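Step one of this worksheet: look at the structure below.
By written order: A, B, C, D and E. Residues from 1 in each chain.
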Amino acid sequence: MRAAHVIGRVFCTRQVPQIDGKTLLLIQPLSWDGLKPVGDPLVAVDAVGAGAGEKVFYVAAREAAVAFDDLPAIDAAVMGIIEGHVYR
Amino acid sequence: MRAAHVIGRVFCTRQVPQIDGKTLLLIQPLSWDGLKPVGDPLVAVDAVGAGAGEKVFYVAAREAAVAFDDLPAIDAAVMGIIEGHVYR
Amino acid sequence: MRAAHVIGRVFCTRQVPQIDGKTLLLIQPLSWDGLKPVGDPLVAVDAVGAGAGEKVFYVAAREAAVAFDDLPAIDAAVMGIIEGHVYR
Amino acid sequence: MRAAHVIGRVFCTRQVPQIDGKTLLLIQPLSWDGLKPVGDPLVAVDAVGAGAGEKVFYVAAREAAVAFDDLPAIDAAVMGIIEGHVYR
Amino acid sequence: MRAAHVIGRVFCTRQVPQIDGKTLLLIQPLSWDGLKPVGDPLVAVDAVGAGAGEKVFYVAAREAAVAFDDLPAIDAAVMGIIEGHVYR
């Protein structure tokens, strides 16, 4: 799992029914060393009620679907809100 | 999930039966920051009736199959048409 | 899915039984823009009877197994032979 | 599977229930040639009771879930503690 | 699937039970064009009885588990020993 910063949301005019009612968060991946931005933003489905500006961790690829009961066709999900971390 | 621009279609002389009757869209991945082209075009199966020139978002890898009832052997699917997004 | 050019075959002295009787094609990935070589050749299992020199499209990773009834332990499969494509 | 060094832990204020009671280790991937750091640290769920400073090996992506009976939505798991390796 | 050279083995003091009794091979990925080393060595579970110095081909990611009856939590498996290949 990797760290990210919630930086926005995405809205659709039309989408597959599996995604109806889910929140599409735009997240910026962060390094664990200093929580600095790394790589490009992506869209992840929210599984914990994360809000704009929060530091979160997320899973990518098929395992993201397992965070939801209906196993939707998604490839990234926000799984937790970070309180802190120990880094040596 | 990532953003993309529908830039074309692919036609086959012969293909596995699982793909018969599905539309193969050629899509150009875009960055969320400015929706500028990033990386190489790929082929994704259409799940929402997207047309040429539309901005869409897609899933890649095995989860793409879940967008269809018959779970075909595909690795990318167009899941929604983007109306807009908030980016801070 | 991505485009590729069939450039050869691979033969084994010993292999897992799941692969017995399947054709191992050596393929060179191509860009959709001009069908020029990109990246390194890989081995994909043939699902459509593709021959040397043909332009094909293939899936990579676990979804490749779904092209076969016995879901073998493979990570790439040739899924179709390209007739043509529209690229804007 | 790849080698890594356990360099820390991550704590959450809120998380999906599947992760409750599991230890989130912060690990630094290492090369097998000399066990030198390569790439960025990531978070992996502990499956063997690994402690800070230990050399471990881990799996990434969906297969990580298989190390646990409840198949949680995770994408990396520490699978073993390295005793040694032969490298020619 | 990709080609590799068996360059060593890995030993563990403690590991998840799914890996007990399996051989952890250290392999160096090779290009199909000339069988030259490319990328970093990784650990793959042996499914065909490959020995040190042999040229093999392997699968990576979740599909590797399918080579074994118990579907262990692994992400790379050696699937066959290469006799030769045709490369144009």
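Quick note on the criterion: contacts are C-beta pairs under 8 Å (C-beta built on N, C-alpha and C of every residue); 3 or more make two chains touch, one makes a residue touch a chain.
Computed from a prediction, not measured in an experiment: that's the story for all the values here.
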Shared touching partners of chain C and chain E are none
What rotation angle, rounded to the nearest 5 degrees, superposes the C-alpha atoms of chain C onto those of its identical copy chain D?
145
Find the geometric centre of each of chain A and chain D from their Cα atoms only, then give the gap between the two centres in Å, rounded to an integer.
20
Would you kindly tell me how far, in whole Å, the mean C-alpha position of chain E lies from that of chain A?
33
Residues of chain B touching at least two other chains
61-62, 64-65
Put in order round the ring, from chain B and then through chain C, what are the chains?
B, C, E, D, A
Please output the residues of chain A touching chain D within their complex, sorted ascending.
1-3, 31-33, 38, 47-49, 57, 59-67, 77, 79-88
Interfacial residue positions of chain E with respect to chain D in the complex:
7-16, 18-19, 24, 26, 40-44, 52, 61-62, 64-65, 71-76
